[in-house]
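First subunit A sits with subunit B, and in the next complex the same chain sits with subunit C.
So, the complex of A and B:
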């Protein structure tokens, strides 16, 4: 056993009482071994070795220029250590699977998940069965946030094993406390960060050590760490950089994917550092950022030149303009203990799996036009509350020239399309969108050819909009229903398969230099808070969030993502913290793990900025994770500005802020 | 699914008899504490569900006392004219409880019987000098709320006894306030709470009650702080002095919700806020006051 909550035995029964009785009859004899619950202790020489070599699952480095030498010439240097807690996903429904053995040896699973192909591969491996004899259907999933990336493979394999053994359907649904105790969390992190700038505020040198607590198994830690080190210095130019990242093994519950994937931790540190640097340089934090932000043609800290779709400065200007034009009412005059503060963060997010997950970066899709004009499509990515279904249906409708209402998405199922990789990394819109465009293009070619033949025109003269056929831009004497009939008469297939993979990336894993992601999204958050200096309590008044999404295919969906992610970011900033004592989670309930409620919601101002991504469907780039990522540093900067203090640790509980005020 | 025996008595006598006959039975009122606790248990105890006991419902004024049926919900307490007139501090506490759904289900008697150190009714009822009417198979007795809880979750209630009503003495001229801190704006268990009631004549404090919640195994009344107020105007210096006394009297712990030094300091801070509000002419929309639900600063 490597962590509290690890599966030890599986019990299936016809009633809960029987199951509990059977579980109670399992006698376990433990021989206690030394355990590690602290990253610093795990890295000490002589520490108990959880695995053979050392207690490091993965280390990654970025080296660029000569930071050590550059610091000597800096006018200002700030060095601080930042800490962030494990965060719980708090998705709507807990992990749950239904395994149903089918005639012919097929194991069918239904459940809440992000990545049906991961579940398929996991179940097949555990059962020793083929991928063909394993069918996974995603059921309605009410939020996942990374918590249903790799984890569902475990309850799925457990349910499948029991179903295989009993030859009966098995349902396995976690209680909330079980779910919180034994499933992945956002990695707790320690970030040691040193920034140096010249007199004009230009970043000259950055040194960062990034430690994440991977818990008892490596799971996704290596790739979480990769995203972390790439994002470690934020969306700024810097010629001299050293980033050292380590994923440390401990005996905590394994940490894993969570919206932002290793970047919210480092971005908290990076954006606090920018404010600390501005304070030391006596420079406006906005101006400091403006002077350093990446623009088209600039290179990131890995030396990747950004050619297009670089809206960083535009998000900064858009958010600032809104706040300037819509000032909040001043704080009440009779409450001098309530201090107003404003803070900002500017961040970026590498869209898609990137060079660290390139081998998974491909996606399939199918589209079928039925003879009644209805259209169904299937993709391998999943709807998990992020609005993918709507966006993809819009893309299909637009590309085929049919009404949006005639398009339906089929439930995601591993037997409908080829392995399309996971629904992670904000990749569904771009990846499945492009695969659908590929499929729709083939169908349009066939429809245009038949229409041209019927109308006696050339295919290039034909166009289709909202189910109406045009020849040379004028409505044609051919209805869509007639066109479908003509296709049927000619026995033309109105089903097509699409496929997409992004352009390859070149990266040197030794130096950490090269191309990391196909494109980056950008965001600026401005948080405005009132902090009660007598209780340390922070009230968020407003968050103004401007996001460069390339193209907002569904603007309402984009705004919804910004609102949801911002609220989740407020929780990360102010209240959310998994508390562990000797590896035991002490707050596995929603009465003790404190997520924001509607009453904690401030005014949210989502602002859409569009710098089109040439390789994205209609210019879109993914951004679903980004809304959470920059909220905590913006709020932290606002709290620090309100009280003229410095904070280096999340969450900013009243206790922590009060202690900072009383130690000063 | 779990199965359990549920009894639904029509009279208090029936209920007490059932409790006597069923030594492991639990009383079920609104269920906002009991059901949460039973949820994970495989075998449920028999439940004596008391919603049909007419005597436990309703609010009346009788001979200088406000009688609150034990099954009065938080929502009823929040809205009733009688509580607004005679139990201001309890109304303020009621507003702070849980969420609208919990306030619709949860009952005053249930919150008292639950005897949580963080239960929001207890500090308010103690500053009101409230008494409990307890009825068992043999007798009916009255116990001061202040004497009711002995430890977290432990009370002087006998197994066959029910809380029938909460009796609040009607007293002219007293004004009260309840303020608390939770981990978020709603659905939060108090990490510190303070209830105060003050009787003044010409601005001079004649008498007062001060209690602290969630900073000791049971609610603490702080007579030393009340003594500081006696004979004084509610000046900043007097409020400060009383605040220092409650900080010293508190016996908080560090737990999942807060820590010892913070809780101790907040006892004083909250007392000052409560007293400051009583010192002012009534101003229900004072934005500096965290106990006022209308204080959302926007």
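So, the complex of A and C:
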């Protein structure tokens, strides 16, 4: 056993009470081996070896220019070590699967998940069956946030094994504490960061060491690390960069995917560093950012030139303008212990799987128009509360020219479309959207050809909007129902498959130079806080969040993502921390792992900025993870400004803030 | 342990069911009576997803023994809006209040109780009333906005989200 919470035996019973009794009757004898619960200890020479000689699952490096030499010519240099805790997803629906053996040897699974194709591959491998004999259907999923990326393969495989053995349906649902103890977390991290700038505040050199605690199995750590190193220096230009990233093996529960995927940790450090640098240069932190932010034509730290859809500065200006025009009421005069502070962060997010997961970056879709005019479509990505269903239905309706209300999405199921990769990395809108556009294009060609024939026009003269047919822009004497009838008479297929993959990326894994993601989204968060100087407790008054999303296909959906992500960011900033002692999670309940309640939600101002992405559906680029990513650094900067302190560790609990105030 | 038979008035209909003394109300509702809207988010009183109305008061059905509810009147989400959506439910839809929806049954019942007892709640009273219902997806803002709107239908325009 490599971590507390790893499965040892599987028990199935007719009732929960029996199952509990049977599980309690299992006697386990352990022989204890030396264990590692600390990344520094794991890297010590002579440390117990969990896998190979250095306890490193993966290392990644970015080298650009010559930072060591450049530091010598910098007017200001700041170097600090930052720490971030493991964060729990706290989706309200725990992991759950139902395995139902079908006649003919097919194993059918239903459950809460992001990535049915991962589950299919996992279950087939464990049962030794073919992918064809494994059918996975996603059911309504009560939140995921990355926690249902790879993890559901485990309960699915366990349920499937029991169902296979008993030849009966098996339901396996985690209890809350089991879920917190056994499933992945956001990686705990240590970030050593050194920034140097010239007198004008231009970044000249950056050196970052990024350590993530991968836990007992590598799982997604290599690719989490990749996103982390690429985002390590934030959305700024810098000619001399060295980033060294290490995913360290320990005996903690394996860490994995969580909204932001390795980037919130480094962005916390990066944005604190920018404020520390501004302090040293006696420069306004806004101005420092403005001078360094990436613009169209600039290159990232991996040397990737950003050609279009670079709204970084625009998000900064938009957020600042809002805050300037809507000042908050000053803190109460009779409470001098409440200190007001304002802090900001500007961040970016590489959309999609990127070069690290390029082999998975393809997706399929099918659309079928029924003869009554109803339209169903299926995709391989999943609705997990993020609103994909609505956005994709809008895309289908728009592309086919039919009413939104006539379009329905079928449940995502591995037998409906080819393997479409995971629903992660804010990729569902762009990937499934493009695959649907591909399918819809084929259907439109067929519909247009038939309409043209009936109307005696050329296909190019035909257009369709909201179920109405137009010839040369004028309403045609042909209803949509009649057109469908004409298609049926001609036996034209009104079902089509779409497929999409992004353009290939070129990246040198030795130097860490090249193209990493097809496009980046950008965001500026401004946090305003009141800190109680007597207790160190922070109240967030307002978060103003401006996001460049390319194009907001569903503005209400975009706002919803900003609101929800911000709240998770507030939790990450102030209260959320999985506490482990000798590998045992001490707070596996919502009474001890504290997520924000309605009373903790500040005023939130979501602002949408649109710099269209030419390769995205209607200009959209994914962004669902980004709302979480910039919140903690903005709040941290606000707290530091309120009290004139420096903080290097999340969460900013009253104890930590109070201690920083009293050590200053 | 001896089974007992209890009688509950659930969403207007009288139901009798055999329970063990140790059966918890949520298990009985979900597994014995097939009422699935109350959800189990924690099974120990921390999250509010199991909220139902028992004799007009919100309770966490994971913390109530089924026998304690004997003779009582229970309302779950299934019993709300049976003659068309309530103004509260309409406001939830208009404000895009939920994402995954797992918290929605509990939040709806907590807000229904609030509006029944306090027709004109302040924003802080709304937050307080749903503070025991965790939601991990929405950030609460669209939920609070909707409850505020449902309470003051006349002000809908001014209170609608920017």
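Annotations for the structure displayed:
As a working rule, the second predicted complex is superposed on the first by the 664 of 664 C-alpha atoms of A that agree within 3 Å, B and C clash if a C-alpha of one lies under 4 Å from a C-alpha of the other, contacts with A are read in each partner's own complex, and residues count from 1 in each chain.
We adopt the following convention: a contact is a pair of C-beta atoms (placed from the backbone, for glycine too) under 8 Å apart; a residue touches a chain by one contact, two chains touch by 3 or more.
These numbers were taken from a predicted model, which means no experiment stands behind them.
Of the two partner chains placed around the shared chain by superposition, subunit B and subunit C are both touched by A:175. In the superposition on chain A, contact is made by A:597 with both subunit B and subunit C.
Using the contact criterion defined above for the overlaid structures, shared-chain residue A:141 touches subunit C, although it does not reach subunit B.
By the touch criterion stated above, A:90 is placed in contact with subunit C alone, subunit B being left untouched. In the superposed model, A:386 lies in contact with subunit C only, and not with subunit B.
Applying the stated contact rule after C-alpha superposition, one finds that A:338 touches subunit B and leaves subunit C untouched.
Of the two partner chains placed by superposition, only subunit B is touched by A:658; subunit C is not.
Subunit A residues 175, 591, 597-599 lie at the interface with subunit B in one structure and with subunit C in the other.
By the touch rule above, subunit C contacts subunit A in their complex via residues 39, 41-44, 46-47, 49, 96, 98-103, 126-128, 130-144, 161-162.
Subunit B contributes residues 1-2, 40, 42, 99, 181, 183-189, 256-259, 261-262, 265-266, 269, 286-288, 290, 297-298 to its touches with subunit A in the complex. Per the touch definition, subunit A reaches subunit C in the complex via residues 89-94, 140-145, 175-176, 384-387, 556-557, 559-560, 563-568, 589-591, 595, 597-599, 601, 604-605. Those residues of subunit A that touch subunit B in the complex are listed here as 16-17, 20, 175, 177, 329, 331-332, 334-335, 337-338, 530, 532, 534-537, 539, 541, 575, 579, 586-587, 591-592, 594, 596-600, 603, 654-655, 658-659, 662.
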